[in-house]
Structures are given as structure tokens and as C-alpha cells.
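Multiple structures follow.
Both complexes below contain chain A, partnered by chain B and then by chain C.
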Partner chain A sequence: MTLKLGVGLGIAGVIVLFGVIGPLVVGNPSTVRDMGLTGPGNGFLLGTTQTGQDVFAQLAYATRGSLIIGVVVGALTLLLSSFFGIVGAFVGGWADEAFSLFTNIMLVIPGLPLVILISSYVPNKSIWLVAAVLAITSWAGSARVLRGFTLSVRSRDYVLAAKISGEKRWRILFVEILPNLIPLLASQVVFAVIFAILGEAGLSFLGLGASGSFTWGTMLFYAQNGLALRLGAWWWFAPPGLAIALFGAALSLINFSIDEIINPKLRSQTRAERNKWSVKA
Partner chain B sequence: MSVLEMRDVVMEYRLREGLRTTRLRAVDKVSFELPPGRTIALVGQSGSGKSTIAKLLMQLERPTSGSILVDGEPMQYRGARAAAYRKAVQMVFQDPFGSLNPYHTIGHHLARPVKLHHPDFSREQVADRVAELLRRVRLDEDYVGRKPHELSGGQRQRVAIARALAPEPAILVADEPVSMLDVSIRLGVLNLLAALQREENLGVLYITHDLATARHFSDEIMVLYHGAVVEHGPADDVILNPQHEYTQLLAEAAPAPERRLAELGH
Partner chain C sequence: MRYLLRKLVFYVAALWAALTLNFLIPRLMPGNPVDLMLSKLATKGPVTPTTRAAIEALLGTDTHSSLWAQYWKYLHQLVSGNLGTSIAYFPEPVSQVIGQTLPWTVGLIGLATVISFAVGILLGRAAGWRRGSWIDNLIPVTTMLQSVPYFWLALLLLFLLGSTWPVFPLNGGYDVYSVTPGWNLPFAQSIVYHGTLPALTIVISSIGGWMLGMRNMMVSTLSEDFVVTAEAKGLTPRRIRSRYVARNAILPSISGFAISLGFVVAGSIVTEAVFTYPGIGSALLLAVGNNDYALMQGVFLIITLAVLGANLLVDLLYGVIDPRTRARS
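And now, the complex of A and B:
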């Protein structure tokens, strides 16, 4: 395990733990009190909002909300992109043609306008709906990457050898091809999770996010509405902003490490090392 | 199964260039017969259609026209007879680095074909058979747990040969089995193949660029040029008395097969 992977997993782990356990121990995040905009301390770890709500409690619920979005989008992306990318490339023929046409259409549909369109038609959006919309607009890129890689694996000699020895088709797919796709799948999923959390934060900040639930994005939206920045209430907008940045960085670190596992050449090749080598040669 | 025969086999690939489709005749009316216990060398330059013939025999492609006969009857692509055929005809690939799945152990590569061939085998029986296959290709038994990347090219190719032998085939297609290997170990792998061929009375189609090894290890030589067989006869005749221009060129390029073999054995 590299340092990068360790740091990434460490930060992400702390945030996930906070999102899982936090909401169980904090009070109601929506309780309004008669003590608006008090700074940290005074009985509230991260101070209060304009209406006296506990920022720490909100952060706990928001972390859970954002993680739910990330997990749901990650899972849906994995399902959709594997189905349309891997299965299409493996089956070949017209199925591949149809699947990749569909993928390409989904790829050129601009995600944000579609999301805004759907958002404006559905006034009361649950967090699940937002996750579904984000997943539907984002799986196509992964599917294309997976299709390209599956096509290359499918024609490798070891797959032909399995065919020749009389293996069943599903066995060739699941036992011979899929294991070689795992690192790529993992990195696609991690990427989808980052995309989803950032995308949801962006939507919520624009006021198009899930209504009535807490996410890092909705917290920022309310902080913005409450003029937190202008009033200098840093304890209100900094925690969700920092959480987004940290979680994104952690997942990126994990992703880089996966890339290095897939492609060992990336690991030890810094520019300095390459130069040293060329001087010697 | 005893005799494999190709009769006037043509294989055309469709190439798409924009809207136009052109046809590329990779194999042009090829006929030959491969009886058990016999080794036929298939020689030809790059792109002459050697691997395409191998793919046709392995049912990875279907001929555009002509027929492939098994014991005088047309080859079946489905059903019980096709399954029997697939066990009877096995292949060793050119690239030992691409023909083994990097994710799986050597044991997996050998156990799968054994299980497919003997569905009734117990776990111990499969393990015994895998160990025996490793011994037959002169590899230590404790290679079962290793991954392909821990093996040398020559060792990998031995594993690939063992895998091909697992279903107890009657015919072996070896597509340039040593061209990716270091010169110093080529002869070892070829000698192993020749020994196995004699022990099991295999019919072997030995695809190669190298006339010297073709002559040494084969009974017949078949020369392929632009997809068509331009020369076919006993190995010594083809080498010493080449008829077709292209064979003459090849024979000249390798003037002393004995010397080449001596070099290889070094």
C-alpha cells in the first residue's frame, strides 16, 4: 500500500464514519433556537446558523446525505456502464452496435441542462431522485471506457484459448474477462462518486437540489442565502466546503493509486528518474 | 477422430472503409490433409494467411467457401460433435505472454480444460492430472500456484502446451510457438513438442517462418503465398528442390538449415 492510498483511504474513512455514526449522536439539525449566528463553542461545537440551528448536527446529516448520493450514483453507474459497455462489447454484433449508439447518444446529451429541466418539472425532489438523475447523465463516459477495454481483452489469446477449450460464454465473461476489468471498474466508480457529490453540491447551491434533506450542497446553499459570507460566519460555510474538498481529494488519491496499480509504469516514473536514466543510456 | 482435411477452403474478410466494403482474401482455395502422427509445416511470409488457417481449424472463424472435413464428414459448429471436435483439436498460441490470463494461476489454466474434459473427476483427480501435465512439459509441480508473470517466456509456453494437451487431443495446431521466445530456448521447446507428438501420435500443424526448423521437425512442408498454397511436398523435396519463386527465395535466405539448427542449439 502506497502513502497516497493510505492517506486517501484514511480521510475517506473518517468522513464515512462521521456520516454513518454522526446522525445517530447529534440532535435534530432543524431545531430552531433563539440564538442565531453564534460562533463555535458556547455548547455548539461548530456554532449555529442564522436561525439558531446546530451546524455540527447539520454537518453530520449533510455528510450522510452526500454519501448516499455518492453511493447510489456509484452503484448505478457501475450497473449501467458495465451493462452497456462490457456486455455490449462482449456479445458483439448488432448488440454492440445498438449499445454503443445508445451510449454515444447519452454521452452527447448535455447533462446539466437535462438535470435543470428535470429539476424544474419535479418540484419536490427526494435525494434518491437527484441521485438517479445524476447517474443517468453520467454513466455513458464510463461505458465507453469499459467498452474499449473489453474489446481489447476479448480478443486476447487467453480468451480465445478459453473458447477453444470449450468454456461456456458466461464463464468466459465472468471468470476470464471480468477479473481483468476490476481495477478499471473501481477507478470508474470512484470517479463517478466524486462527480456525483460535486454535481449534487453544484445543483443544490443553485437551488436545484433535493428538497427537505441535508447535503453538503444544501448547507452551502442555505449559508449563501443567510449571507454567511458577508456576516463573517465562517463556521457555517467552511465545514461543508472543507468536507467536499477533503472527500474529493481523498477519492482522487485513491483513484490515482488505482491507476498506478493498473499501469505500473506511472508509479516510478518521475521526470527526474527518466532523465537520470537517459543520461546513463 | 483421425483425419482432418481442408478442401478448397476460402476465407474472405470484409473490410469497411467508410461506406465501401472491400474483401480481403486471406485464404485462397487451400486444400490439405492432416493425418495422425504426421507433422506438416505451414510456411509463409507475414500476412500470408497462416494464422487464419489456424483460426479456421479452431472454429474461431468460418470459411467463406469450401469445406473442412473431419474423418471425411463436414465439420459441425454446434452440438455434441462440435464439442468432441473442440477437444480433439487444440492450439498453442504464438505469444506466451498473451495466451495466459494474468489474473489466474497456472493451476487454473490447466485445471479448467481437465474439468471440461472429465466433468466427473473429483478434486484430487483433477489435481493429479494437472501435476501430471506439468511433469509432461518438464515443469516442476509447485508451479500450480504461480501466476503467469512469475514465469519466463519458455516456461509460459510449456504451460500453454500443457493446457493444449489437457483434453487429450488428436491434433495440435502450433502457431509460431517459438517465435516470441529467446533463441537459446527455442530448440528446447521444439524438441519438447516433437517428443510429445511422438508419444501421443499427434497430428501437428506447425506454423513457422523458419525453414530450417520446418525441415527438421516436419514430414511435409506447405508453402503459403498470398493465401494460396504454392508448394506442398515432403520436407526435403521442398527445401532442396523448390519449384515456386517464393520458396526459392526463402530457401536461399536460409541456405544451410544444418547450420541454422546448430546455431539454435547453441
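And now, the complex of A and C:
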């Protein structure tokens, strides 16, 4: 447990707790009051919006909404990318060729414009549809990474030994190969979650998100449309962006720690330390 | 030669997939985009039979002809370069709208991406070479900046440098009131002045990725045996750094650069929304707001072409820089 991992898990944990417990404690986020755009204080922790809605309550619901998107997209990406990446590379032959061609094509087709295109045809989107579209457009990158790594694991000596000793194919895949892929899978999922939350925020900010939902992106959309920037209402547009930034930073810290576990070369040994052993001229 | 052929086949397949996707999406989605578009067009002016035919071929309502026939008609329409008429910019044809907006996007985002790549690679090289130095400790900070949602950063900078301290203009690509577009100095100055803030936000939010990638590759390459050999031979550290380590470490970043170059056209949508920049992203958003499906399709097509083209270019270049890729295929 390094410091990086600790800080990352700590921040992410606090935000997740806020998203889970927050909505149970705060009031209705849509309640309109007769006190538009008041600053923090006066019984409202983060002030109110233009129509007097409680920003803190909105933030709690938005956190929950964004986390749901992140988790759903993360899970879907994991499924899709490990199916196309690992299974293809493991089976080999034409299946690998076909899967890898499909993956590469999905990789070069631009995601965000495709998402915009699809969402502009559907007027009333549920949060699940948005999550599904984000997952479909984002799994290819990690499938390619997984494929490359599976190929290298597959041809290692111990896997050949397992094959020769007559282990079943599914057992080789799940017991011999998959455990080696777990750190990589974990970091890919973390990436997918960050990507999904950012993607959804961007989509909602453009006004194309799920209808009637609360996410960090929709908060920013309403803040932008309510001229929060021009009116100097920082308590309205700062918290959701800061929440995304903090959560993203926490997840990247977790990812750094995973990277250092996978690739010991990245760990702390410095060049200066290594040079101490060399003969000084 | 085999390498070249393989790549070309792949990109033709990808292009075909994108075209087919573009054909299928409006046909699979609920609602009737053609009627919507035609009725909107009719409110702006008379709709000629050719326009109607073009839109029907692109978006499809021809219930009497089979899907195959529609598909051929659609491909034919694309090859002849007729992308239909835009509603949002009525009565300009879609291809003309794209032609006018594309240079803005390529200029702004392309330049910003190149600057970000160059500076990021240099900083990453320095960080990987001197691990634990102040520049190496900068890496976590720039990576944090990366997880800041891009448009939020843009909004903050706009708020601080546009409203609070008015250093930069709030929106637009040039000063519409005082300069005339063309090859003159005031126009060029106005473009630079308006483009600085958007470019700055792009550089700030993307530089961390380049830096981190290059730094990690430098660190991995430094522990290779050939570096130890080079040191043992007594080569100067400078030579080892630039000719031995950095040259090998930059390879993955170059293929990353290809992908991001392609996404220059795609990734600009949110930027242009924040800064109301007159590029292709704004055109796409305007199209979405107006249910301008013909323009949407056209923009998506151009974006896909840009991504594919950039990738093909770098794939070919990569074969030259790194002979191993040619040998493997």
C-alpha cells in the first residue's frame, strides 16, 4: 500500500460514499425557492441556483448519477473488451483475425461524434441508453491492449506446459492466463470509468445527455445556461467540475499504483541509485 | 509491399464500415428524419425535386425500394459529392458548409495538438532522464490537470481571463466588426488573438498525457542492455539520451500522435461549443439543434475521413521509422 494508492482510494471512497448516502440525507434537489443565486451559507451549504434550488442537494444526486454511468460503462467495457481482446487472442486463427479487424475498425471510428449522432436521433434518452452508447464507442482501445498482452502470455512456456499436460482449454484460459491479466484488466476498467464520466459530462454539457437525470454534466449544462459564469456564481459551476476532477485524479492515482505493480521498472529505483554501483572514472 | 497492401485493405474496410454505419443509423432510429427535414426546409424556401431526392437517398424513407437499392443509391450520392442541403445554413449545400468551417478547426486544434505533443515529449524526455528531479515531480500535477474535465477548464479560464480580467476575447474566431477576412495582417492578428485562449486550454489539458507516456518509455528503455553497453563504451550522456534512448522511447508516442491528429477534427466539438469558435464542431452542434440530419451526416463523414487519413499516414510513416513493424506483418 503506497501513499499514492492510499490517497487515491481515500478520495474515491469519500466521493462514492457521498454519492450513495448523500441523496438519502439532502432534500429534493428540484425544489424551487424564492431565493435565486444566493452564495454559500444561509442554511444552504453550497448556495442556490438561479431558481433557488439547493446546489448541495443537486451535487449529491449528480454524484450518484455520474457514478452509475461510470460503473455501468466500466462493466460493459470490461465485458466487451475482454471478449474481443482475450478470447480472440486465445483462440487464434481466423477468429483472432476477425476480432482484431473489428476492434481496429471500432478504434478508428470517432467516438464522440458517433455518440452525438446517435443521441440526436433519439429524443428521450434514458441513462442506460447513454451508458450503452458510451460503452459501445469506447471498448476498442482496451481490447487492443488486452489482445497484445494475451498474445504474449499465451506463448509463454508454462502455458505450453499446461497444454501438453492435457489441461482443458477453458481451464488454461481461466486458471493459467486470466490471473496474469487481472492487473491490466483493473487498470483498463479504471480508465473506462474515467472516460465514461468525462464523456457523459461532455455530452450532457452539450445538452445531449439523458433526459431528466442529474449528473455532474447536467449541473454544468444548467449552470452554463443560467449564466452562472457571467454572474460570478462560482458556487454553482465550480463544485461539479471539481468533483469530476477530484474523482478522475483519484482514479488516476489508483491506476499509477496498478501500473507500478505490473511494471516494476516504473518503481522507485532511480538512475542515480543504479549508477552508484558503477565504477567511477 | 505486403505491409502497404495490408494497411490499405484495412483502411478500405474501415471506411466501408463507417459509411455503412452512417447509412444505417438514421434508418434504424425511431422517428422519420426525412419528413422532419423536408418540412423544415419547406419553411425556408421551395424544395426542388433534386434536393428531395438527395435527402431521401442519404437518410432514407423510400419504403417501396429495398434496403439494397437504397444502399447503392446512397453510395452513388456520396461518390458524386452531393451531401444534400443544410437547414441550419439554408440554402447552402452541406459540402460548402463543411468547406468553410473545416479550415478553422484544423488550424486551431491542429496547431494546439502539435504544440502540446512537442512540448510534452521534450518535458517527458527530461523527466525520464532525470528521475526524481523537479521536472519528474511535475508529472502527477499535469496528470491531475488531465482528469479535469476539459470544458470545465475552458469555462474557468474563460471566466478568469475573459470576464474577470478581460485579457482575451470571450468568443468567436476573429473580430467580425473591425477586420475583413482575407490575406491581410489585421485579420491574421485577430485570428491569433482569438485563438490563443482555446489553444492554451487544449495544450494544458493534453500535455500531461504526452509527458507521462514519454517519461515511462524513457524509464523502460533506460534499463535495456544496449544503454548499459553505450554507457560502458563511454559515450557522452547527451548522445545516449538523444540517439539511444529517446529515439526508441518516442515510438509509441508517435502512434498515439497519429490517433490524436485524427481526432483533431472530432475532439474539437466541445471546445468550439465553449468558445463559440466557427469550426466544424459548431456546425455539428448547430445541426443537432436544428435537426439538420444532412449536415450531421456530412460532418460525421468528414470526421471519419480525417481520422482514417491521419491513421493511414502515420501507419505508413511508422513502417519507415520502425522497421520491426514491417517485418512482423
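What we mean here is this: the second predicted complex is superposed on the first by the 268 of 281 C-alpha atoms of A that agree within 3 Å, B and C clash if a C-alpha of one lies under 4 Å from a C-alpha of the other, contacts with A are read in each partner's own complex, and residues count from 1 in each chain.
Here, contacts are C-beta pairs under 8 Å (C-beta built on N, C-alpha and C of every residue); 3 or more make two chains touch, one makes a residue touch a chain.
Keep in mind that what you see is a predicted model, and the values were worked out from it rather than measured.
Trainee: Touch test for A:105: chain B only (first), chain C only (second), both, or neither?
Mentor: second
Trainee: Please work out whether A:167 is in contact with chain B alone, chain C alone, both, or neither, and reply first, second, both or neither.
Mentor: Only chain B is touched by A:167; chain C is not.
Trainee: A:229 contacts which: chain B (first), chain C (second), both, neither?
Mentor: Touch status of A:229: second partner only.
Trainee: In the superposed arrangement, does chain B or chain C reach more residues of chain A?
Mentor: Touching more residues of chain A than the other partner does is C.
Trainee: Per the contact definition in the header, classify A:179: touching chain B only (first), chain C only (second), both, or neither.
Mentor: In the superposition, A:179 contacts chain B only.
Trainee: Just to be sure I read the superposition right, which of the two partners does A:194 touch: chain B = first, chain C = second, or both, or neither?
Mentor: second
Trainee: So in the superposed three-chain picture, is A:156 touching just chain B, just chain C, both, or none of them (first/second/both/neither)?
Mentor: In the superposed model, A:156 contacts chain B only, not chain C.
Trainee: Which of the residues in chain A come into contact with chain B in the complex?
Mentor: Against chain B, chain A makes touches at 156-158, 160-167, 176, 179-180.
Trainee: Could you please specify the touching residues of chain C with respect to chain A in the complex?
Mentor: Checking each residue of chain C against chain A gives 10, 13-14, 17-18, 21, 25-26, 29-31, 33, 129-132, 140, 143-144, 146-153, 155-156, 158-159, 163, 216, 219-220, 222-223, 231, 262-263, 265-267, 269-270, 273, 284-285, 288, 291, 293, 296-297, 299-300, 303-304, 307-308, 311.
Trainee: Give every residue of chain B touching chain A within the complex, in rising order.
Mentor: 58-60, 83, 86-87, 90-91, 93-95, 98-104, 112-113, 116, 160, 163, 166-167
Trainee: Please give the residue numbers of chain A that touch chain C in the complex, ascending.
Mentor: Answer in residue numbers: 101, 104-105, 108-114, 116-118, 120-123, 194, 198, 201-202, 205-206, 208, 216, 220, 224, 229-230, 232, 237, 240-241, 244-245, 247-249, 251-253, 256, 259, 263, 265-266, 270-272, 278.
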